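Quick one: this structure, given as structure tokens, is what I'll be asking you about.
Letters are used for the chains, namely A, B, C, D and E, taken in the order the chains are written, and counting of residues starts over at 1 for each.
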Amino acid sequence: MNAPEVGGAVQRTFGEPVLTLENIGLGFGGVKAIDGVSFEVRRGEIMAIIGPNGAGKSSMLNCINGFYKPQVGTITFKGRTMPAMDPHFAASNGIARTFQNIALFRGMSTLDNLMTGRVLKMKRGFFWQALHWGPAQKEELENRAYVEHVIDFLEIQAIRRTPVGRLPYGLQKRVELGRALAMEPEILLLDEPMAGMNVEEKQDMSRFILEVNEEFGTTIVLIEHDMGVVMDISDHVVVLDYGRKIADGTPDEVRANQQVIDAYLGVSHD
Amino acid sequence: ADQIYIPNLVYKTGPYGPSGTPVAHGVADYLAMINMRDGGVNGVPILYEECETGYKTDRGVECYDRVKNQNGGAVVINPWSTGITYALIEKATADKIPILSLGYGRTSAADGRVFPYVFNFPSTYWNQATAIFKYIADQEGGFDKLKGKNFGFVYLDHPYGKEPIPTLDILAEKYGFTYDKYPVPPASMTEQKSIWLQIRRSKPAYVIMWGWGAMNATAITEASNVKYPMDHFIGNWWAAAEPDVVPVGEAAKGYKGATFNGVGTDFAVYKDINALYDAGKGTWSKDQIGGVLYSRGLVTGAYMVEAIKVAQAKFGNRAITGEEMQYGLENLDLDAAKIAKLGLTGLMPPVKVTCDNHEGQNPAILIQQWNGKAWEIKSDWIAADTALVRPLIEQDAAQYAKENNITPRSCS
Amino acid sequence: MTAATEASAPAAPLLRVNNIEVIYDHVILVLRGVSLEVPQGGIVALLGANGAGKTTTLKAISNLLGTERGEVTKGSIEFDGANVEASSPNDLVKRGCIQVMEGRHCFEHLTVEENLLTGAFTRGGDRAGIQADLEMVYNYFPRLRERRTSQAGYTSGGEQQMCAIGRALMSRPKMILLDEPSMGLAPQLVEQIFEIVKTINENEGVTILLAEQNTNIALKYARYGYILESGRVVMEGSADMLRNNEDVKEFYLGLGGEGRKSFRDVKQYRRRKRWLG
Amino acid sequence: MFYREAGIFKTSYASDQALFRIPLDRLFVIGVVAAAYLVVPFVGDQYWLGSILLPSLILSIAALGLNILTGYCGQVSLGTGAFMAAGAFMAYKFASNITWLPIPVVIVLGGLCAAAIGVAFGLPSLRIKGFYLAVTTLAAQFFLLWLFQKIPWFVNYSIAGVPTAPPREIFGILVTGAEASPAARYLFVLTFAVVLALVAANLVRGRIGRTWMAIRDMDIAAELIGIKPLNTKLSAFAVSSFYCGVAGALWSFCYINTVEASAFDIFRSFMVLFMVIVGGLGSILGSFLGAFFIFLLPIGLNNAVTTFGLPIATETITYIEFMVFGALIVFFLIVEPHGLARLWQIVKEKLRLWPFPY
Amino acid sequence: MSELWFFFEVLLSGMFAGTMYSLVALGFVLIFKASGVFNFAQGTMVLFAALCFVGFLEMGLPMVVAALIAIAIMVAWAFTVERLVLRHLVNQEPIILFMATIGVSFFLEGFGEFIWGGDVHPLNVGIPDDAWFVGPDGAMMIQQFDLSAAVIAGLLVTVLALFFHYTRIGRALRAVADDHQAALSVGIPLNQIWVIVWSVAGFVALVAGIIWGSRLGVQFSLSIVALKALPVLILGGFTSVPGAIVGGLIIGAGEKLAEIYIGPFFGGAIEEWFAYVLAMFFLLFRPQGLFGERIIERV
């Protein structure tokens, strides 16, 4: 970024850690994707994970929501310490995420994609569903109302009924964020939410993230390669390189860290 | 109407096509010959039409529904498949159209009291089984020689193939022999290695086969592979035709089979059939006619025509209805003299159908053997053990009647 | 406004897109008359918001629309003097025009190295040359060398992006169509990729057409740019001119009147300005 | 410009959630169903009712079932025939042993048994995916048919082994067995088809349908947002097999009148699969279009030849039928890979834009 | 003792029988591996190729000429399929391509019967058809025909496996299977590739057809035989050429042993489903089949 630095993160204070990862290690055959990484995520903060390509960032998120099972280490979430997260436990306890290679349900409309985010909130069984009437319809409408809030919030009204496979990349990312938000998450994991967007769209996206964080107190963990965004919006940055943690601190601390500059930022990225 | 409409539910295509084609041509040729030679039956021309079923039950049902009311109404239906026959029994009964299932279909339909509209003369699978054992006994020198022997029964694992099992059980008990069952799965009927290895090991005195389609040729090949003596291997009448042995080549020599019709072209009726071909009205090519299944088709045609004549004798020389045809079939009585007059001596057995007996009075089979070029008839008519079979038929028919709330008609 | 490169002004353009219209699925009209030219040896950027039609334009050029049930219904595209519609996609690659597709599209089950080698498919049996180029790609992206025997499906997003770009380089093209090359790459790699682009452009005269969201860096390396909005070219000009245009500054570079704003401060939702109603 | 979406405003989510959001669509469907009930039975002759519409409707139900599994939940199945057989044989057991059971209950019970069996064979789907899953469904196909043929209990120990579907009536009108009039059988089957189509439409637009589609489109992502893959897949197997079971029972009871395993062989499975794909994966309407198309095309070709009295041999007709059938499948796939239903939709979309091309 | 001989006889002949399935499966694998198309028409191609061959033989042509013409016809067929079908379905989902091949299969079946009729054609190309007996008084029988079939299958597999792994074309083929669009974008000529693999598959079909035809006569039930190739294919893995052979061996031996040693407890004919159940159990442990490529699951 060659533009002058403005603003910068305001120092905010946060509550207790909601998610603690300790000494996580994950390997695939010969490749060590993550190697003894520990960090904490505090309630209500926006945390960023950065690092060069292949450093293990996405793998880290995969461990947090249970898609990968680390071979060593423990994860503590909601007072429960376990060697690996279970995906269903994670989802039903408020961990939602977006994916680096968009993982939307391509054959379904935007609305339906968002509604799948509400699956865990809907309980009516087969019988009512088959009738689509009475309690099932009531439940459907309540959840629809929530989803419509999300749609309004993300300003994607116009594409409500479009099959997401047809949407351009950037909008797909936004729909994916919507699906995660529809889950009413406590922790939102975002894997490169702004890849493939122009500045204006990144600004929109930042605004959505900040608003979610401020209004609902949602804790956010994000991976991003745009240092402008990361430094501006995050409260806390963890830097990975070759699967190891090389720095952990506020954006300013990290920015100044020589190891980080060497491994990732390259020459003085302001 | 001024013509007699005989539709035929044939299958000339698909995996079973090789067996279905000659039969269909036999029927077609005979009826065409009648039309050409006699201008129809007693002057009423026959309208013959085929509907291709591909041997599939649902297509058969569709064909039936399509043809039954066309051209003034079908007079008789030949389903040519056990599955289709089963599916049509009630329908045809309700529609009053007789089903002629010549040597196939539901065995217990021989009980005409319960199945007034189904005819399966000149013999049924159960009777055939008893006759085959009669033949074996003759070969071995008497029924008492069967005692203690072991036989092999290779069959298609399908209702058709399982038909004779109750009869075989009774025979085994009666004559004190044992037999091993070797079911061939229908969906992989060309894979019989395990069966024939077992047969090679257990060396049964005879192997009897209830097979169909490509299963037969495979079985004969495998039998020769394991060096099973071919003349001790006997197929039923659907397992002993040219398509079953020709592909096997030399190895099939000596294989035997049951049949209820003669084979070849040395019969008087061929004078007229040849005339048909010379007139360019044959439905096939002349060098292909005369095989086992073609002959069976001719015979079927002859039975139908004769039954029509019986019906016309009662109802007048006009196009008859299905119901009248039922009368014709039920009162069909073809003795040797009549058959001779038709020029069919040796090609078909005499048949006498009655109200309560739809398979005919004296079911009998011939045994034929493949000499590498053609089938040769090797026996006289071998009578079936009807005393043993008839109670079984009545028992099964009674069960059917009970399940379907049918009160058997009285035939006295 | 003419193209910025002095060299290209007289030369016939290598690529000329003439007022094309593209429809997907028989009913979805996406491009409504896009025209652009890329001079021999030039670097041209195609800019625009999400869904503007950049990817569609590039796919139209490399004749890949057919595979997505899209078709060019009007206009024409000429590459190197011949209409592209007449040649199949692989002929186009043979003729020297290769595309790096958006979203990586690596061959998942092939190893990274095999992926790179497929890029050299059109070059036939030129073993030594291919080996040398493989070395070159590994030198550009050392990370790929480390992962050469992994199946591409199991490599990280950025590694796949490198693999896709490397694969295109392996074909020794005359022209590369780059669709969002910077997506998912770490900052220093983004710089590096553009440096590579610049190098091959300058040293080997490879012509580049790139669709990029990162307007900043795209305009830094490109010499000429087109801005697409809703399937139309709404502005074109030399990179310098675009960089200094107030609208571009505001909407594409994120530089308001008062310079760069922190992402944290963007509170007010901004209406995107439409050049066309 | 007659057919349009614009200008139709929804004032509540409920109406926006409705089955047909566009009034013309709703009218159209209601019209078709009404005609099917009130007009067709009176104008159709026996052949049309009994041999064309009846089997097509039954196969539509099976196609609907397979579409739920394959089209909505993404699990390829080649075992449709077996699940149909399960429905048929079990319905036969119920009907013949508990004679007082009303026939609709019998059919539904047959469907439920098929559903249970479907669940059992769906279990491996947790690990086995895509075309590989086809093998487990093939195992079901061959194993079940073998079982029904092997164990005499299924056919009440009848010697012949091919029992006849018992005649049963509703409101004093025979609806099964050969004596039932084609119109009665047709209406009976039509009712099943309409009700089941409605249920399917309800299921797929609700939570359950969305979980199915999520699993189909991306099972990993679905799992990560809290959808349990096993439950979801099994529910799809259950519903799908239920539909197939009902279709199988109807096929035996109302169409071919016999309970015969070979009526449900592997080719039946393939046929239903063709119907689903040609009709449109993931489309209720498509199941019907596909079933009618695939079932009627060969018969139509066949009939055409006879009606025009063309002097073509029977077997040649069949060869041509095969060729035309194959060519048409390919043709349709090329024109529109997403099936007849999608083609219909495009026509509607064009209509919406009419008179402007786009 | 003789029990043991019998066991080995069953095992061996089962394995030989299995290689016959492998021959059909091999054609499937080729096309799947090279284009991701699950080619339902392979069974019909086996039949059609054999019909052509036997048809020309019956016209009195020498065997080599008949074989060459049959090969030429299969190549022409490959061209036709590419031109009229595959070309228009680039980048479609696998199930749609699968469906298209079903259409192709129907067409070819009708066409084959149209041209050559539905009769059974006996075929004898001089594959030795005797048996060797080994062990004490011929306790174990080895059929030369089976052995020859196994050798031919083995040879074909070796050649094809090498081709896929070590040539530029082989690599391109695998790339096509992964992603049609990307393959096009790097300049792999899909059209030519498809013609090549379908031609090779046609050739394999001809070999399979000749061998099967020599056993059963060339007839339409051959297309039913092809179904048995499915479990073989699935067990070995869709993408593995050697897998087709190993799958065949396992399925062949497994089902014969099962039929003889387990079958009697169930009333026999378990061969019909045993292969599928066996394949299913293998899949539970290796969802991609024995030698198939790992199914990539990533987010």
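Everything that follows uses one rule, which is that a residue touches a chain if its C-beta (ideal position, glycine included) is under 8 Å from a C-beta of that chain, and two chains touch if they have at least 3 such contacts.
Worth saying up front: this structure is predicted, and the values here are computed from it rather than measured.
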Contacts shared by chain A with chain B include exactly D, E
Joint neighbours (chain C and chain D) are A, E
Of B-D and A-D, the pair joined by more C-beta contact pairs is B-D
Top of the farthest list for chain C, CA-centroid basis, is B
Whole-Å distance, C-alpha centre of chain A to that of chain C, is 28
Here the gap between chain A and chain E, centre to centre from mean Cα coordinates and rounded to Å, is 48
Whole-angstrom distance, CA centroid of chain B to CA centroid of chain C, is 74
Taking each chain's mean CA coordinate, chain C and chain E are separated, in whole Å, by 44
Touching at least 2 other chains, the residues of chain D are 142, 146, 150, 220-221, 224, 266, 315, 318-319, 322
Multi-partner residues in chain B (2 or more other chains touched) are 12-13, 17, 21, 157, 185-187
Note: chain E residues in touch with at least two other chains are 113, 118, 227, 267, 269-270, 272, 298-299
Each pair of chains that touches is included here, namely A-C, A-D, A-E, B-D, B-E, C-D, C-E, D-E
The chain A residues in contact with chain C across the complex are 1-10, 28, 31, 51-54, 58-59, 100-101, 155, 166-171, 192, 195-204, 206-207, 210, 225-229, 232-233, 264-266, 269
The answer for chain C against chain D in the complex is residues 23, 25-29
Counting only contacts in the complex, chain D reaches chain B at residues 46-47, 50-52, 55, 96, 142, 146, 149-150, 156, 158-164, 166-167, 177-179, 251, 255-258, 260-263, 265-267, 299, 302-303, 306, 313-315, 317-319, 322
So, in the complex, the side of chain D touching chain E is made of residues 70, 76, 124, 127-132, 134-136, 138-139, 141-143, 146, 150, 220-221, 224, 266, 270, 273-274, 277-278, 281, 315-316, 318-330, 333-334, 337
Per the touch rule above, chain E residues touching chain C in the complex are 90-91, 168, 171-172, 174-175, 177-191, 239, 293-294, 296, 298
